[in-house]
Amino acid sequence: MGLFEMTRTVFRNLVRGPATRRYPAVPARTSPLTRGHVAFDPATCRSCGLCSRRCPCEAIRIEKEEKVWEIDRMRCIACGDCVEGCPFGSLTMEREYFPPVVEHVVERHTITYVKPEKPAKKPAEEGAGAGA
Amino acid sequence: MTIVSEEQTTTSVALENLLKEVGGLQADGYRLVQIGCTDVGGAYEINYSFDKGYQFRNLRLTVGPETEVPSISGLYWGAFVYENELHDLFGISVTGINIDFKGTFIKTATKYPFSVTRREGDRCRNA
Amino acid sequence: MAFLKRSPWILHYDASSCNGCDIEVLACLTPLYDVERFGIINTGNPKHADILLITGGINEQNRPVVKNLYEQMPEPKVVVAIGACAATGGIFRECYNIAGGVDKVIPVDVYVPGCAARPEQIIDGVVKALGILEEKRMKMTGEAQAKKEPRLAAEAGEGR
Amino acid sequence: MQTLLFLILFPILVACLLLFVKRTTLRYAVVALSALAIGGASAYLLIRYASGGAVYFAASSEAADLAMVAIEMALALFIIYMGAKFRNYLAIALAVVQAALIVYLETSFTGSLHAANNLFIDQFSIIMALIIGIIGSLIAVYAVRYMETYHHHHPEVRDRQTMFFFVIFAFLAAMFGLVFSNNLMWVFFFWEVTTIASFLLIGYSETEEATTNAFRALVMNLLGGVAFVTALIFLAATGPASGGIDLARVLASGDAAVVLIPAVLIGFAGITKAALMPFSSWLLGAMVAPTPVSALLHSSTMVKAGVYILVRFAPVFAGTFAGFSVGLVGAVTFVVASAIAISRSDAKSVLAYSTIANLGLIAACAGVGTYMLVWAAILLIVFHAVAKSLLFLGTGAIEHRIGSRNIEEMEGLIVRMPKMAVMMFIGIAGMFLAPFGMLVSKWAAIEAFVQAPFGLVFIAILAYGSAVTVFFWAKWMGKLVTVTRNAERVEKGFLEEPWAPLYITTGLVVAAVFLFPVISSTLIEPYVLAIYGVTAHLAQTNVAIMLLMMALLLVLPVSFFLLGRTAKHLPVYMGGRPATPDLHFAGSLGMTREATTQNYYLTEYFGEARLFRPGAAVCIVLILASWILAGVAL
Amino acid sequence: MNWLIGAVLFLILAPVAGGLIAGIDRKITARMQGRVGPPLLQPFYDVGKLFEKENVVVTTAQNFYVLAYLVFIALSGAIFFAGGDLLLVVFAFTLAHVFLVLGAYAVHSPYSHIGAERELIQVMAYEPMIILAAVGLYMVTGSFYVAGIAAATAPAIIYLPGVFLGLAVILTIKLRKSPFDISTSHHAHQEIVKGITTEFSGSTLGEVEIAHWYENVFLLGLVYLFFAWNPVIGIVAVAVTYVVEIFIDNVTARVRWQAALKSGWLAALLGIANLAILSYMTIGGA
Amino acid sequence: MSKRIVVPFGPQHPVLPEPIHLDLVLEDELVVDVVPSIGYIHRGLEQLVQKREFTEYVYVAERICGICSFIHALCYCQGIEHIMKIDVPDRARYLRTIWSECSRLHSHLLWLGLFADGMGFENLFMRSWQLRESVLDVFEDTTGGRVIQGTCKVGGVRRDIGQEKLDEMHRTLDSFEEQCRDLGGVFLNDETVKYRLQGLGVISKDDAYALGAAGPTLRGSGVAVDHRETGYAAYGDLGFKPVVETAGDCYARCAVRVRELYSSIDLIRRAIEEMPEGSIDVKVKGTPDGEYFSRAEQPRGEVVHYLRGDGTKHLVRARIRTPTLANIPALVKMLPGAQLADVPVIVLSIDPCISCTER
């Protein structure tokens, strides 16, 4: 009977109930790999600028002198390239996505990394520059 | 199951021989894959790509900025999409297209963004 | 009173996005996200819509279209820019044909980040927009009232 | 009786007078005054005779009979002359046959050619007289200005207006004669006069097309005429059993089987005159004539003569298979013509097909012939005459303003000619919407058919037919009310037709809704009662509801002024493309295109080419069947 | 005075019932699609919202036609529930739809124009069957009056199975359900945006919605007449019919207008066949 | 007096999520003339090669289109790898194949849904998209993104799929296939669907070939051209046969896609079974110098990336020809003679991806 091919699906749906993920009540489904948003740890950043250079959409800007790390969330495509590129682990990819906003502002972080009193055996060049 | 190995050959073609060569390929049963253009330092290199049984044949036509290129849409009806694109993005005038959009195929903020004559201009407004 | 919050009808327009956000907008309508739970219907007609969802960074040809759609929507209305492209032009920001963000053409009320924005994000964005919609409605009725009141007062004055 | 004679003779007098009036203003005065006189006389008839039953008058006949035969012969000669001139030999042949039959009739049955009463009047005649007298003369008034403009627009057409108005008034006279005659010989005489008159009017413009169509009308009507004479011969031959040529006696004849054959033959004449299928083409061809002619042919004269005679003979048809067959011709015509109307965009063509359809419906009622159906049929005749004349006159006026009678060109008439559009709107509503007349009649017909034997066939046909009707009328209506932008107002043309006839007919359409209970109770019901002994009427509650609906229709437009003020105006949605208010949008290839909205004509399904032949074939079979069945019944 | 009570009750309660039916409809549809669906009262929220919106028009005339549509739909339903003549109800119903169509014509937009034409095609498709349904009920109960039909003891459905089936087909058209939702519906946007309602917005669209509610209640009342001899069976039958319509909506694609027209007319043929047998039987019996 | 209706169709249109516009000329509802116009999505991203390093451009490439995202990235990477003569590790080839086929599944299910919506079959739309979500879940679990995967890179892939996840995928494939076959059954057997599709938008085998059509549009007309036959990624090892239908109408194109669902599931299954061990990428050294027409089979057909490097970090030119662009001439030929109701169905039947088309 080709007329009501959909019948089985309809009855299955009726019996099994909705497949809906009731989002606001139930948290969003994520996986460990989910690329939500980039989190920045100002305490470990040594202002090397690699993240800024790798970013394909130039969402990250870094000002070494002012010790400012900026990310434009509205530009970020959450590709995770900066996270992979960060040599100091200052950047991590969080599962939670960034919530919608009413106003478009650039997120600014002041880098709080302080160069250790005793220089490490292999001081990172950029880090040293930034610390100066 | 046989894996067909793919081959690509590129031959240069002169402007006056274009239609003849394309006609020859059509007679051989090639289908049109694409027409693309690259600017090579003040001149355009137009690639007419054809395929038959995964054998890729490419006719390469090099023309100056002001040259008029004849349309191959008389041979391959579907060529109009590529030729209109050539005109809108590169400013190459293609003559005798079967469906000529007259510059409205792709509307761009800057006219002829790929044109060699505006090579040094500010291409990216938001840069 | 305030039915608007319970029945937001959306209009979706793809203003040169890569499809990623568009299909996520559509995915919101489908069983797994089912935004009809909130009374949301994709109308596809600006005259019926309350919320305009725009994806993509607006190219040259889309400018008049987006403007036209926005103008055709009856008040109160809000605009939600979905995805990085709609907010700033995203990865295509530097392309010659991208205006860079919906707010270059029409006022935007809510920005939803992401590339592509996830359905949950879009739902959040719409919910955020509802608040603004309600504010606008209050303002609208307030204005209508304000227009009416002086007239009534004047009439009353004449009567006295 | 004086009034009857006045109504027959006065128009002839006016006709002769108009032969000598050349100036438009003078002609207008003459026509208007005589229209007033004729209308007044018809109204007087109503007052004088409505309350009583049928009244018969034994008008002296010797001289009149002789004159009639002479005129008939003269007309035959005229046809032969015209036929020879335009090489239409079929017309000559038919005219010769008809003349021969008349001579045969006159010479062989001299004894039975006398009717006791030559003239009569009853409520049905009054209704017909009112239609002819009021609507017919209104059309005549309208025609004066119209023809002036017509010649202005068509300088190539020879100005023969004196002849034109002569024929028009002769036509009216013939129609009066037709509905007042009790002598079937007289009926036939007037019948022939209308044939010739329509021939002359259709051929007015003297173009090749007009001439061809005029001859087509002539030939088809002559066919009917031949059938009519044959019926007369049969009646004369069967003498007393059938009642001879006395209409009243024929109808009252106890020998139903004998009367059935002439009834079927006269019915056939009615079918040709009423342009039912397969003879519908003459009425369509008649569209080449100036619009008042169409209005006249469709609403008050000519085709109404056809259905008049059918309804007259309805009691004879009632309950017979031959009558059933005749009814089916009407029913099939109704559904097929309505369906074809869908595929037409020429306003007059739509009107023509709608006329054919409605005449078919009337014929269907008459053929089955139960009392309720006769009641419905007469109601249909009334409402159709009123609404259709308005539509034709309106179309004519519109054509002169906008230069086209194509429905598509009438788009946005509400902006360009608001008054005209409202009148057309009412006219169209009158044709198919509740609570207007035609719909009421259709409804009555449905309720009546349910109770008729084998009525289900008709109900089925009616159900489809009325559905189809809604489609083509509503889309025309839609065209009229479309609010277009930047359209110029052309209500005031360079040569104004008098608006009075239009206003009056519009008023009549609306008044008919309010008055139809009265019309029914004072005219139709007594007539039906007199013939059948029982009568039909509408239930009070339904009448009340319909009046309520009408009142709502009149009140609702008030909301127009209340609602619109605060609204914000926006251009239409064009898929998001920038568009101007006059529907121009940015299209492909960089062009600005206009979004046009044309109606659907569904030609593939409802086209004339597809439907006419089958419909005509069925009708021919049914007509033949009616003859055979009548023969069998004998 | 019974008739007046029926009419007034209809005018007051039908929007409530209609809205609830629409809400249940959407809920069931959602369940059939494996979704949760909107709240039950969603249709009321929607209409409430529409009345809160700004009044936007292309031409002021459109509001008039839509209002007339609403008024006459309500009127025809009121006549029905007052126990009036079924044919008169059908004609008033047609009148109402003609007003809706005129409203769409008035705005002079290509989409609403096409929607209007399609609506007319639909009217053409369902009209024969509706008339036949009325005639069929008359043949069984001997009355054209709804009051008379409802009071009849004969189980109309037994005599009129074909007519009922035909009615079920055109009910799909009237309830604006797939496969015949060709002129307008919440989901018939594929080719003509919103068809007839494209240019109606705000309160005008709200009026159209309310008119739909009236209309649906009236149509279900028509279905009820076939089972009127037993109110319990009647109400169950109406519910079942409606659910079946929803089911059909969910398992079919939309057809082209040609098929809609043909189906409507074939349904009428089915009805005619039923009536022919019925009249044969009654003649044979008499 | 012509009885024609001129209707603007799009760019904002409820059933096509992407803007394309057609000027339709109708008679009654019969399409007598159609003029298409595109350009609403043209971003000019080909020019971005001059601003992005060739390795970064992968991110742009996968955003050419959010539906065929992975295969764009794959095609681009393969092109660069060919120019730079990089040999991609086996495991990476297999992973690319799995993701490619998942892309195809997701794209076809998405298309089936839209197509059903185009026919006014809402429930079927919902069902298709519901199924599609399970593919997206796989994407999210294995790459971290639902529609934009961001996992392909020059020289291999960025992420591995662990054995556990592979096993799980393998396990769930059967029930997924069953559900797909249920869904496909509706598309192929339901009478109303058949009524809407059969004999609609017919394009003959010769025409399809001559017009340069690609993908299911071409295969639906009986031409067996499928680039996976050239054996890129792991297709050479897995073996592959193109799906072909001969009728050339919308139904045939639909059938091709439905059957490709099954073949994709099969390919994924075998790829998981034959998954080789080893590294997933190689280090990329140097810069591309040379040119190549890289071709791959997208869900919509053959995509061509013409890449040309001059030995710097930036390519000189990338020219991307996508299947929809190649199918537009065929579309223009299909539309006249159809009913208005069929316009969205026919437009959808080529599976238009406008953002691919216009780049």
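Chains here go by letter, A, B, C, D, E and F, matching the order in which they are written, and residues are numbered from 1 within each.
Simple rule for what comes next: contacts are C-beta pairs under 8 Å (C-beta built on N, C-alpha and C of every residue); 3 or more make two chains touch, one makes a residue touch a chain.
Note that this is a predicted model, so its numbers are computed, not measured.
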Shortest chain-hopping distance from chain D out to chain F: 1
Max contacts between which two chains? D-E
Relative to chain E, chain with the most remote C-alpha centre: B
What's the distance between the Cα centroids of chain B and chain E, rounded to whole Å? 58
Once you find the CA centre of chain B and the CA centre of chain F, what distance in Å lies between them? 23
Give, as an integer number of Å, the spacing between the C-alpha centres of chain E and chain A. 54
What whole-number Å value describes the gap between the mean CA coordinates of chain E and chain F? 43
Mind pulling the residue numbers of chain D that touch at least two other chains? 568, 570-571, 573-577, 579, 588-589, 595-597, 599-600
List, in ascending order, every residue of chain F touching at least 2 other chains. 5-8, 11-15, 19, 29, 35, 37, 39, 42, 44, 47, 51, 59-60, 63, 121, 123-124, 126-127, 130, 145, 148, 190, 192-193, 358
For chain B, residue numbers touching 2 or more other chains are 99, 101, 104, 107-108, 113, 123-124, 127
Can you list the residues on chain C that touch chain A in the complex? 31-34, 37, 80, 84, 87-91, 93, 101, 103, 109-115, 118-121, 123-125, 127-128, 132
Which of the residues in chain E come into contact with chain F in the complex? 32-35, 110-111, 113-114, 178-179, 181-182, 187-193, 250-259
Contacting residues of chain F [partner chain E, same complex]: 5-8, 13-15, 29, 116-124, 126-127, 130, 190, 192-193, 195-196, 339-345
In the complex, chain E residues that touch chain C: 26, 30, 33-39, 42, 44-49, 51-56, 186, 189, 193-194, 197-202, 205
Residues of chain C that touch chain F when the two form their complex: 11-27, 30-32, 42-46, 56-57, 59-62, 65, 69, 91-92, 94-98, 115-116, 118
